[in-house]
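Next come two complexes built around chain A: one with chain B, the other with chain C.
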Partner chain A sequence: MVFSSIIFIFAFLPITLLLYYIAPEILKNPVLLIFSLIFYAWGEPVYVVLMIFSIIFNYVMGLDIQERLKIGKQTAKRSLIFTIVVDIGLLGFFKYYGFVSSNLNAVLPFSLPEIDVTLPVGISFYTFQTLSYVIDVYRGETKVQKNIIAFGTYVTMFPQLIAGPIVQYKDIDEQLRNRSLSGDQIGEGAVQFIRGLTKKVIFANTIGSVFSTLSAQSIDEMSVLSAWMICIAYTFQIYFDFGGYSDMALGLGKMLGFRFLPNFDYPYVSLSATEFWRRWHISLGTWFREYVYIPLGGSYVNPARHIRNMFVVWLCTGLWHGADWNFVFWGLYYGVILTVEKYFLLKYLEKTPRIVQHVYALLIVMIGWVFFSSPDLGTAGSLLGVMFGFGEHALADSTGLYYLTSNLLLIGVMILASGPILHRALDRFIVLFRYPKAAATVCYLAMFLLCIAFLVNETYNPFLYFRF
Partner chain B sequence: MQREKDKKKLKKGEILAGWIVIILIFVITVANIVLPDRDFSEKENRMLAQRPELSVTSLFDGRFMSHSESWLSDQFALRDLWISVRSRFQLLMGKNDSNGVYRGERGYLFQAPSEPDEEHLSANIEAINALAENTDLRIFMMVTPTAANILSEYLPAFAPVTDQNEYLTALKEKISSNIQYIDLYDTLKEHESDYIYYYTDHHWTTKGAYYAFLTAAPLLGIQNPEEISYARYAVTDSFAGTLASRSGFPLKKEDTIEIWVPEEDAAAAESSQEDGGTYQPSVRYVVDYVEEEKKSADLYDSEKLEGADKYAVFFGGNYPQIRITTTNDSGRGTLLIFKDSYANCFVPFLLPYYDEIVMIDPRYYYGDISELISTEKITNILFLYNADTFFEDTSLADVLAPQSAEQTGVQAEEQTGE
Partner chain C sequence: MYGGPYEKGAMKKRGDGMKDGIKKIRDRIYAFTDIMKTDILFRYNFIKAVLIISLIVFVVFLLGGNTGSSRSAEEIAESVVPHLMQTQQSGTEEAPDGQEQETAGAAEGGQDGQTEEDAENGGDTGVFDGMGQATALDFKRIFGLNAEDYEGVEYFKPISQMDVEELLIVRLASDDQAEALEEAVEERVDSQKTSFDGYGAAQCALLEKAIVKTRGNFLFYCVSPDAEQYYQAFLDAM
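Now for the complex of A and B:
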């Protein structure tokens, strides 16, 4: 189930909220667990079994590691390694088997059997969550969770289950045991949910359909304008899609009494690729830093090892997003750029005017999205070729002009919404009125009603981060 | 200090807004449960999804979930209102297309011309050519340009529509020389300001069909087609066609549907009404809906004017096989028409000139054509389509060559027998 659907907003959500609110304190986690399992099973009626296995396994292993820690670090470490191997093994099999086997079969004298596995929704997210738990138990950074219902609630909690943010167990341990739920918090959560819903339904879906229409064209006959439109459309689509989803997740979390850490911080205002990654999908970056980069030595080692550490992290980041060469390339692309920025470029870049820095950062990010969104590296190369004027391509054609003119206003609004300007302007606008309460209600109600109008007759509503 | 105050005010406002939306969610949820389900949407002109049935298999393969989702959104309270809110908002944002419909100037809605389905198209042309070469019947083909082609100057600026004429020219070149192609482009272009296409529907008007008939007549061997003059009856002036419903765009203009009746018959009908007797039209005919085993003495079904798809007033819509027998002795014999809905308002003009007309809609017809040709003593064949349907058609080749399909079926059976 996705948040931006009629069935979620007008069936699942009201039933869940009603039962959750009337349930006594002790039953709130069980209610949340049951409804989260329904939420997941709605889209994955079979793979829900895999997720339940993962919950039980990591719960038991958490207890085991805790017990062994009392005996000695070595035996606990063995248990931890076993847990990590099983977790990564499951993720690896379901996510990478097809990719690895097809590439190996091309070079090996014998061939691995072809197994048709579809990726279980959200497995990349919940595997990283359970890993954060067992690792933190081993490190002694969190208490072990003895209550399997509370642990299951952590893993399955529907706001963050299928597309993050990747919540680390230690950040939420206290809230699982004891959280306060106030009327103010519920209202604020609902508003944040509406903001996210608007980003997803009005912005991402509309510009996303432009992207999918234009990229269905043959690249050979594409104009330069159309190629740029494809790139711009995807740049907006992925941010408002994923950013909107994260807003909805945070809002729903608040409505249930949880506080998750923000996942996005206006990434497109960045002045460098390094800054972009501090603002984009923050929970993933944090996870890799804490569980991969720093254990490898981070930056407190000699430059050669540091660069190796960077590349390990960026290779993993690329692969985490998908089992394909273009994701590997995309990860390494950022590995190279961030290394160059750190050792060389940033100090010069900082002396240039802000506008230069901003254009530089946006170009890096947009070229990155071309690799990210293309079905393969060849397509990405051809599209970039058209964008930067290689080969014989018309500067503009009626297709490009039509989609540019008919989305000009939307693109303008999205540029403002990509930074803090639009949000701040809305806040200022609301308090201008004599009755800010009424003004806020009118604004958010209008946004919500418009979203319903789009959802009732939706024709295009994918979730990009579902593949990960 | 002021900022702190503003922040507090804002927060209070947001909390209230949030709660009102939560309450609204509950109200709409209850309304969806309480309000009765509809079977059919007049506005969208389609059947709406109904309550799904729960079973173990439908639960595990996910069908129950997807059915529930379409049921809930199809039966959503005030669905029609939401749809129009959406398309109005999109228009406001400068978007002039919706669901493959362009909103042009002067109130015209256009269906985006279809790209040919190459695989089926070449199979269809092959089957048509095979028919033309294996019979000595006279064969005609009339693929009419659509509004987006003829009235292209009214399309929204830069609308990226495919060039239909390019495909029509290619078609003309590919068909057998035994087929007489009736090119309507010049005629329709000449009359483009003459209300030859509906504003809100993808069909041509009766007037458009009449101009086409005048062009086609000499090629079909009909002399002096102007001889018959027609009385024109506007049967409705509140027709909002399929393009209006598909796009959800607010209506700028409504369409008028006309029925054209030979003046002679019209006069006879009027005088017989005054006498209270029954009149004898110049041509007497029976419309036989073969598969439905239903007969009618009328080309028009006025009941359809009550519904959303008022264009179905012509022959009651599309049927697999319609046979019109007449009292004519024209000397031209029986005409077989392979057609889409564009033919429905065109065929009445042909009626005085043939002894019998058989209309086949290949999308719904599964009979044997060669058998039909011999039993009905067909003398002429006409393929009458609009370009969009013709280039996207997937059924013509199968209908024209069902025997080969049967043969392969027999072979497959024999093989399994071994």
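Now for the complex of A and C:
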């Protein structure tokens, strides 16, 4: 089930919220757990079994590690390694087996069997969440959760189940035990949900259709303008799609009494690739920093090891996004860029005008999206070739001009919405009224109705990050 | 009397043996529950073992599910086709004016063409933008195979000669049919590529992304900009 669907907005969400609000304190977690499992099973009836396994397994392993810590660190460490092997093994089997076997079959004298399993939605997200829990229990950074319902609620919580943010257990431990709900918080959550819905339904889906249509063209006959339009369209689509989802997740969380940490902080206003990654998919960056980068030594080692650590993290980041060479390349691309920025470029870049820094950062990010969105590295290379004028391609063609002119207004609005300007302007506009709360209600209700109008005419349009 | 005291003794012995056996099992269960109560690590190890075995059973079951489906080819196609119609309609709406007219024109022409062919072939019903339901004769002509040899064939062919979108779902009668059918489909893709090579860049791009998959007792083949989505719908339907 997706948030931006009529069935979610008009059936699942109202029923869940109603039962959740009327349930006594002790039953709130069970209600949330049951509805989260229904939410997941809606599209993944088989893989809900895998999720239930993951809950029980990691719950037991948390208790096991806690118990073994009383005996000695070594035995607890063995238990932790076993947990990590099983969790990563499951993720690896469902997500990477096809990729690994097809590559090995190309070089091995024998063939590994071809297994055609579909990727369980959200497995990358919930595996990272459960891993954060068992690692933190081992490190003593969080208390073990003895209530399996509370732990199951943490793993399955529907607002962040499918596409994050990756909530670390220690950030939510207290809220699972005790949380408060107020009218203001519910209202704040509803506003954030509508903002996210608008980003997804009005911006991401509209510009996404431009990307799909233009991408269907043959690259050989593509003009430079069309190639740039593809890149621009995807740059906006992925931000408003994933950023919109995160906003909806945070909004729904607030409506249920939870406060998740933000996942995006206007990434396209960044002045370097380093800054971009501090603002983009923050929960993933934080996870890799805490559970991979720092344990490897982080930056408190000699430069050679530091560079190795950075490349390990970026290789993992690329692979986390998908089992394909273009994701590996995309990860390593950022590994190179961030290393160069750290050791050389950043100090010179900071002396240039802000506009130069901004153009540089956007260019790096947009080139990155070409690798990310392309089906293979060859296509990415060809598209970049057209964008930068390699080969005999027309500067502009009627298709490129048509899509540019017909989407100019949308692109303008999206540029404003990518930064804090539009949000601040809206907030300031609302307080101009005599009754700001009433004005805000009318304003967001209008946005909501507009989204519904878009949704009614739309076919199934899942979030881009569902496939990760 | 038959058996007499010997039989009674034997029964008594057998009964005592059974009682001893039950007692032993009961004692072992008690011992096991005692350890489970007292040795917490034993308890966790036992749960871990049960969980890992359950996981292995689940994965085996999942892969076993890969052997196919008991549904008919028609049922599977019915689940995929509405999805196909919906996506293609929305795709047409997005095209610019010039292209929209061109696509609509092609579709209309194609549909007309299909209607004429339908009349020749005894009448087909399912017609979509870019493809329309074909007959057993079409299947024979295009793939060189007899539809009757299979348990079910659902084929949607391009509706005009300038289209390459097509969808084929076949329920195999036996496993050994898979290889020949896959070869026939690959030949079809190659032949289409040859036909459009040089002037139909968009068609060639679609053919490059053609999906040909055998899943258990089913073969799926699709050429379309949204082939991945149709394959997913096919998997879901199975």
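The definition used in the following text is that the second predicted complex is superposed on the first by the 466 of 468 C-alpha atoms of A that agree within 3 Å, B and C clash if a C-alpha of one lies under 4 Å from a C-alpha of the other, contacts with A are read in each partner's own complex, and residues count from 1 in each chain.
To be clear about the criterion, a contact is a pair of C-beta atoms (placed from the backbone, for glycine too) under 8 Å apart; a residue touches a chain by one contact, two chains touch by 3 or more.
Every value quoted in this text rests on a predicted model; they were computed, and no experiment measured them.
**Q** With both complexes superposed on chain A, which partner does A:Ile452 reach: first (chain B), second (chain C), both or neither?
**A** In the superposition, A:Ile452 touches chain B alone.
**Q** In the superposed arrangement, which partner chain does A:Val46 touch: chain B (first), chain C (second), both, or neither?
**A** both
**Q** With the two structures laid over each other on chain A, which partner does A:Tyr402 touch: chain B (first), chain C (second), both, or neither?
**A** Both partners.
**Q** For A:Phe10 in the superposed arrangement: first (chain B), second (chain C), both or neither?
**A** Touch partner of A:Phe10: chain B, not chain C.
**Q** Looking at the overlay, what does A:Ile149 touch: chain B (first), chain C (second), both, or neither?
**A** Neither partner.
**Q** Which partner chains sit in contact with A:Leu332 here, chain B, chain C, both or neither? Use first/second/both/neither.
**A** neither
**Q** Taking the contacts chain A makes with chain B in one complex and with chain C in the other, which residues are shared?
**A** 46, 398-399, 402-403, 406, 458-459
**Q** Across the complex, what residues on chain C touch chain A?
**A** 40-41, 44, 47-48, 51-52, 54-55, 58-59, 62-63, 65-66, 83, 86-87, 89-91, 94-99, 201-202, 204-206, 209, 213, 215, 225, 232, 235
**Q** Going by the contact rule at the top, pick out the chain A residues touching chain C in the complex.
**A** 46, 49-50, 53, 56-57, 60-61, 63-64, 67-68, 82, 86, 90, 93, 115-118, 209-210, 212-213, 216-218, 220-221, 375, 398-399, 402-403, 406, 458-460
**Q** Which residues of chain A touch chain B in the complex?
**A** Checking each residue of chain A against chain B gives 5-7, 9-11, 13-14, 17-18, 42-43, 45-46, 183-184, 186-191, 194, 206, 397-399, 401-403, 405-410, 427, 430-431, 436-441, 443-445, 448-450, 452-459.
**Q** Mind listing the chain B positions that touch chain A in their complex?
**A** Touch residues, chain B against chain A: 6, 9-22, 24-26, 28-29, 32, 59-62, 65, 68-69, 72-73, 76, 79, 82-83, 85-86, 89-90, 93-97, 99, 156-160, 248.
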